[in-house]
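In the two complexes below, subunit A is the common chain; its partner is subunit B in one and subunit C in the other.
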Partner chain A sequence: MTTVEDATRTAAVDHRPRRHWLDSGRSRLTAYLFVAPVGLGLLVFYLYPAVATFVLSFTEWGPFGGNTFTGLSNYTTVFALDTFWTALGNTVLYMLIGLAVVPVAIAIAVLLNREGLRGVAVYRALYFIPFVTLPVASGMVWKWLYNGDYGLINAFLSVFGIPGTYWVANPGTALLAIGVVQVWSQVGYYLIIFIAGIKAIPRDYLEAAELDGAGPLRRLFSITLPLLSPSIFFCTVISVINTLQIFDLIYVMAQSSTANPAFNATQSVVTLFYQMAFVENTKGTATAVAFVLMVLIAALTAIQFWLQRKWVSYV
Partner chain B sequence: MSESVAALRGRRGPRGSLAGSVATHVVLVLGAVAMVGPFVWQLLTSLKTQTEAITAPPTLLPQRWLWSNYAEVDSALPFLQQLANSAVMAGVRTVGQLVLCSLAAYAFARLRFPGRNLLFALFLSVLMVPSQLLILPQYEIIVSLGLLNTLPALVLPGLFSAFGTFLLRQFFLTIPDEIEEAALLDGAGRLRIFWSVMLPMVKPALAALAVITLMNAWNDLLWPLVVNTDPSVLPISAGLTTLQGQYSTNYPVLMAGSLLASIPMIVVYLVLQRQFVQGIALSGSKG
Partner chain C sequence: MRRRSFLSACALTPVAATLGCTSSEPDRGSGGRARISYGVWDQLQVPAMRTVVEEFTAEHPEIEVDIQVTPFATYWTRLQTSITGGGAPDVFWMNGPNIRKFAAYGTLLPLGERLAAAGEDLAAHPPDLVELYRYQGEQYGVPKDYDCISLYYNKELFDAAGVPYPDETWTWDTVRQALPELRNRERNQYGISSAIDRQRNLYPTIFQNEGWVVRDGRSGFADPATIGGLEYWTELIEADLAPNAMATADTDGRSLFLGGNVAMYHGLPNDAAAAYEEPAVRERTGITVLPRGRVRGNVIHGLANVVNARTPHPDAAFELVRFMAGRRVGEIQGASGSALPSYRGTESEYLASKPEFRLQSFIDQVDDATAYPVSLNTNTWENLQYQILGEAWIGAGGLSVAEACRRLAQEMDTVLAEEPR
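And then the complex of A and B:
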C-alpha cells in the first residue's frame, strides 16, 4: 500500500529519481488490465489483419487456405488491368468533385455568420440532416430523383425545355451524379467546422477592414479566408481521405446490377476491391488493390501536409 | 432582438441592410430546400400507388395516402428484425467502445507502466490504415470463429477503437493531477477513482464519442455485407440493398423502406444536436 507521504509526492515530483509509487507491481498490473481489452481487440482485429493483408498481397490464395508466395505477381496483375486504372481514375474524379464541399460549406458558413441573422440554428439543423441519414437510404432517394423516366430532376428540367438523361445509367453523367450526392451528404459536417472557424475570427479585424473601406468580397478574401485557412486545410485533408474510400453511394446507386451501362464508369477503388474480394473471389489481387489505396491515401495526405506551408497561416 | 442589440453597440454597418438580409435568407432557403427536398419527395412517393409514382409528369401529392406501402416493406424484409439488428450492432459497439476505450485511455493518460509509449504508438498506427485493407483477414477470423451470419459478427471489430482511445486519452490528460491525488489520499482504489472521479469529468468527450460511434455503426454497410447474408441477421443498411434487389421498380415501397431506416438516426440527431456538433468539433473524423 502507498503511504500518505508517497501519495502527496505524485506528479509534482515526477522527475526525481526516487521510485514513483505508480511503479509498484500492483499499479502496473492495474494499468495492463485497463489497456488489455482494447489492446487485445486491436491486436486481433486490426494489427494482425494489417500485417496479414500485406503478406497476402504477395501470395496466391489457394483453395483450403493453401497460400503460395508469388512475389509481386498480384501487383503486376492489378497494374495490367484496365478496370483497375479506370477505377483509380474514377476515384480521383470522385475526390476532386468531393472537394467542392469545401467552398460550398464555406459559402454557407459565411452567410450564416451575417450579423443579426435569424434562424441560424434552424438552418444549421436542416443542412446537417443529410449527414446523419443512412447513406444507403440517401442513395436510394437520389437514384429515384435521378430516374430517367419518372425522376423529379428530369421533370424539373423539362419545364425549362432542357432534355434529361438516365443520370446514373449514362456513363457520361453517372460519376458526376454520384459525386453531387456525396457533396450533398457531407456539407453539414464541414459547415459545422467552418462555422466554428469563422466564429473564432475576431470581429475587430473585419470592422477595422470595413472602416478602411474594404468591401464584403475584399474582407472575405483578405481576412476571413486567410484566417480560416487552418480549418480549410483540415477539411480538405479529411474530405480527400473520405472520398478516396467512397463505396456506399456507388454500390446503391449504380452497382446494384452489373447490367448498368455505367457500371465501369462509376467503379471506385473500393467497389473494385469489394468485387474482386467477395464476388469474383480473387482475394490476392484484391489485397493488392487495397494496398494501392492505402498508399494513395498516405501519399495525397503527405502532399497536402507538405503544401500547407505555402498557404495555411497559423496566427 | 439581436438587431436592436447591434444598434445599441453601434455596430450596424451596411451588413445589416434589409436587402442584404433578404438576399441571404433567399439563398439559405434555396439551399435548405436542396438539402431537405429529397426527403419530402421520398415521403410523398412512399404514400403513392406504384402507377401514380410513375406517371409523367409527376404529381406532387398522392391522391390517396397509401400507408400500406409501409406494411409492404415489412412483408418484403424482416424489417423490424433488421431494425433491431441495427440497434444491437450500433448499441453494443457504442457501449462497448465507451467502456473499453475509456479504461485504456485512462491508463495511457494517467498511469505509468513499462511499454506505455510503444503500446500507444501501436494504437495510433491503427488509425492510419483504411478499413477496407483489414476486411479480408477480419472476415477470415470471423469464419474461423464460426461466427458468420451471427449478430456478434456485426459487432466484433467495431467494438474496439483506436480512435476512441486516442480521443478520450486527450481528455484525461487535461484533468489536473490534484483531483486524482485527493481521491487516492482518501483511500480510493484505481477502479473506483476511474469510475466515480475521472469518468464524470470527461462526460462531454464520452457523449461525443458515443454519437459518432452510434452513427457510424448504424450506417455501416460494407462489413455487414461481407459477414452476413442471412436476412434475419442483416442490419437495416444491408437489408435495404436487398429490398432494392427485389423491388427494383416499386418506388413507393423502396421510399417507404429507406425513409423508415433513416428515421432513427435523424431522431437521435434532433434530440442530441449539441453532442453531434461537439463530437464533430472534437473528433474531426467520421471514423
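And then the complex of A and C:
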C-alpha cells in the first residue's frame, strides 16, 4: 500500500534532475579548463616548491647547485643554532603584537558603524590605503619617521620634552616599532571584514536588546562581539599566518645594508631563512628553517581550529 | 573578440609563456658575429662602460657586447642562480669577497694560459689586486679599478672649532685631541663617524694597529692587536665623541658628513662623487690620508673582470677582458671620474675629474695598504661581524668590544673550519 507521503517522496526523487549539466563529458572538460590555470598555478608555484623544499631540507646544497643527501643533519644544525631560537622567539613576539590588529580593527569598525556618521567611505578608504601600499614603500617611509636624529616622531615628542630614541636601531625598541607598523599596514583589511560582519548582524537583535535596557557596551559585548565571532576567528587565523611570515618590513626597516645593532633583536624566522638561503648560500639549512616554520604555522592554525569550537558561534 | 575566444585565449596564456621561455640557443648575431653579455652592478659606471664597449667593438667588429646592469643588492643572488640555471653573463664584475667561492666551484674560466699567450702580464695593476684574483696558482680575474680609504673632512666645521685641518702628520692621538673641540651637542654634531663599516672603518684601523682579519684559515679577531684597532672606535663612542651604531644605522656616516653632522669620516674614492655634486659641499670638503695608528695602514680592494666558465664564446669573452686590462680603458674610466682605474699611470685622468679634491691621497696610500681580507665563504663571516660587533658599538652598557671580538673569532673559526682546503 502506498501512502500519500511515500508517493510524494518517490515523485520528488523522480523529479530531481538526474544529471547536473556539468556531468556531461564536454561541459565537465570545459569546467576543468576553467579551473586549470589556477590549479596549474597552485601546483607549480605552491605545491611543487613546498614538496621540493621538504626534499631539499634533507640535502646540502653547494653554492652553485649540486646537492647531496645528508639526512636530518640540517635539522640538528638548525635546532642547535642560538640565532634560530632567537628568531623564533622574536617571531612569536611579532605574532602577538600583530594580533593587536583584531581589537583595533573591531574598535574602528564599531565606530564607523555608528548611526549618522558621515563620510564612512572616505574613512574606509583611508584605512585601506596602507594595506594596498607596497610594504617596502611604507617600510621606507616609517624608517624615516622613526629616524633618531631627523625623524618626525622624535621631533613631535621633543615638543613635549619627551626624549626619543633610535626606534629601529635600538635593540630594546626595534621589534615593537616594526610590529606597530605591521598592525598599521594590516588594519584596513581586517576593518573591511569587520564592517561587513557588523552589517550582517540583524538590527532586530540590537533593538530588542536596547528595549530590554542594554547599554551600548552591553550590546557590544553581548550581541555584536558574539555574532562577530566567525569574523574574529577568520581574522586571528589569517593574522597569525601572516605575521609568522613577517619579512619585508623587517628587511627594509632594520636589516638593509648598514650594520644595525638591533639586527639580532629584529630577526624573524623568515629573515633568518633569507639570510641563510640568499646571503650565506646555505640553502640546505635554510629549507630546514622554512619547513620548521611551515609545521609551526600548520600546528598553530590547527590549534586555533580546535579552539574555535569553544568560542565561535555560528548562528 | 567574442567572449569564448577571449576566455580560451586567457586559458592559453600560461602555456604560451612557458613555450616562449624555451629558446635558449646561444645568441649568434647575423653573419657569424659573437654576441656576449657583460654583467655590471653600478649604474654610475655604465656611461664609462658604454664608451669602453664602443671602442672595443670598433677594434673587434665581429663581437657584439650587451651591458647588463643588476643592482648590487641582488647581483650576487641572481648571478649564482643564473650560473646554476643558465643565462649568466659571459663576462662580469667580480669582487674580493666572492672570488674564491666562484673560483673554487669552477664557475670561472681560468685566464692564466690565455693571458700568457697574449703576452699580458698585468704588471701595470697593483700586485695586491692581481693577487686577490688568483686562486690556487691560477689567475681568474683582471683588475679593473681599485679603492682604498681617505679621510674626508669638513673645512667649515674645522674653521668654526679653530682646529687646523688634518694632514699626513695626524695620528690617532691628534684625532682624539681634536674631537672634543669638534663636538657640538646642540647641533648634534660629532667630530668623526665611527659607523660599523668594515671597509671604511674597521679594517683600516685594525691594520693601523698591526692587527689582522683572516690568515691560514684562522680568524684574527681574538688577537689583542686587532681588538686594539677596534677599540679606537668604541672608546670614542663611550666618550661621546662619536655617534654610536644606532645613530649610524639610522643615518650612515657618509650622509652624516654630507649633512654637516660629522666633521670627518673615512671614505672611498666613489664617495667623492656625492660630495662633489652639491657646490656648497664641494666647497667645504677636504680629503687627506688616514691618520696614523701604531703604523700607517689602509685596505685596498678593487673589482675585476672575470669570464663565465660556461660561456659559449670563450675567445670573444677573453678578448673583452684583455681589452679591459689595457691603458685605454683605464683612461676612459679615469676621465669619467666614476672609478679609480687600476692601470698604473691612468689615475691622472681621475685626479683631473675633480681638481678641487686632493684625490692623490688615495694613490699615495696604496703602499700603506693591506689587501682586502677574504677566504672561501667570506660573506658568511662578514655577516657575523655586524651581528656580533653591533652590541659593542652602542656605547655604555653594551657588550665590551674585547668580549664581542672573542665571540666573533670563535664563530668565524667555525665557519672557516668548514671551508674545503
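Quick note on the criterion: the second predicted complex is superposed on the first by the 261 of 315 C-alpha atoms of A that agree within 3 Å, B and C clash if a C-alpha of one lies under 4 Å from a C-alpha of the other, contacts with A are read in each partner's own complex, and residues count from 1 in each chain.
The rule is simple: a residue touches a chain if its C-beta (ideal position, glycine included) is under 8 Å from a C-beta of that chain, and two chains touch if they have at least 3 such contacts.
If you're wondering where the values come from, they're calculated on a predicted model, not measured in any experiment.
Shared-chain residue A:G197: touches no atom of subunit B or subunit C.
Judged by the touch definition given at the top, the superposed model places A:M140 against subunit B, while subunit C stays out of reach.
Once the two complexes are laid over each other on the shared chain, residue contacts for A:A259 go to subunit C alone; subunit B is not touched. When the two structures are aligned on the shared chain, A:G164 is found in touch with neither subunit B nor subunit C.
Touch criterion met: A:P37 reaches subunit B and subunit C at once. Annotation for subunit A, partner touching more residues between subunit B and subunit C: B.
Shared-chain residue A:G179: touches no atom of subunit B or subunit C. Judged by the touch definition given at the top, the superposed model places A:T287 against subunit B, while subunit C stays out of reach. When the shared chain is aligned, subunit C comes close enough to touch A:V279, but subunit B does not. In the superposition on chain A, A:Y150 makes contact with both subunit B and subunit C. Touched by subunit B in one complex and by subunit C in the other are residues 34, 37, 41, 147, 149-150, 257, 278 of subunit A.
On the side of subunit A, the complex with subunit B involves touching residues 2, 4, 7-8, 10-12, 20, 22-23, 27-28, 30-32, 34-35, 37-39, 41-42, 44-50, 52-53, 56, 108, 111-112, 114-119, 123, 125-130, 132-138, 140-142, 144-145, 147, 149-150, 152, 155, 158, 184, 187-189, 192-193, 196, 203, 207, 210, 216, 234, 238, 242, 245, 247-248, 251-252, 256-257, 270, 273-274, 277-278, 283, 286-287, 290-291, 293-294, 297-298.
Within the complex formed with subunit C, the residues of subunit A that make contact are 33-34, 36-37, 40-41, 62-65, 146-151, 165-166, 168-171, 257-264, 275, 278-282. Contact residues on subunit B toward subunit A in their complex (touch as defined above): 2-3, 6, 11-13, 15-16, 20-21, 24-25, 27-28, 31-32, 34-36, 38-39, 41-42, 45, 53-58, 100-101, 103-104, 106-108, 111-114, 116, 119, 122-123, 125-126, 128-138, 140-141, 156-157, 159-162, 165, 177, 181, 184-185, 190-191, 194, 215, 218-219, 221-222, 225-226, 236-238, 240-241, 244-245, 248, 251, 254-255, 258-259, 261-262, 265-266, 268-270, 273, 276-277, 280-281, 284-286. Residues 7-8, 10-11, 13-14, 73, 77, 80, 83-84, 101, 105, 107, 188, 195-197, 244-252, 261, 377, 379-380, 383, 385-387, 389-391, 393-394, 398 of subunit C are the ones that touch subunit A when the two sit in their complex.
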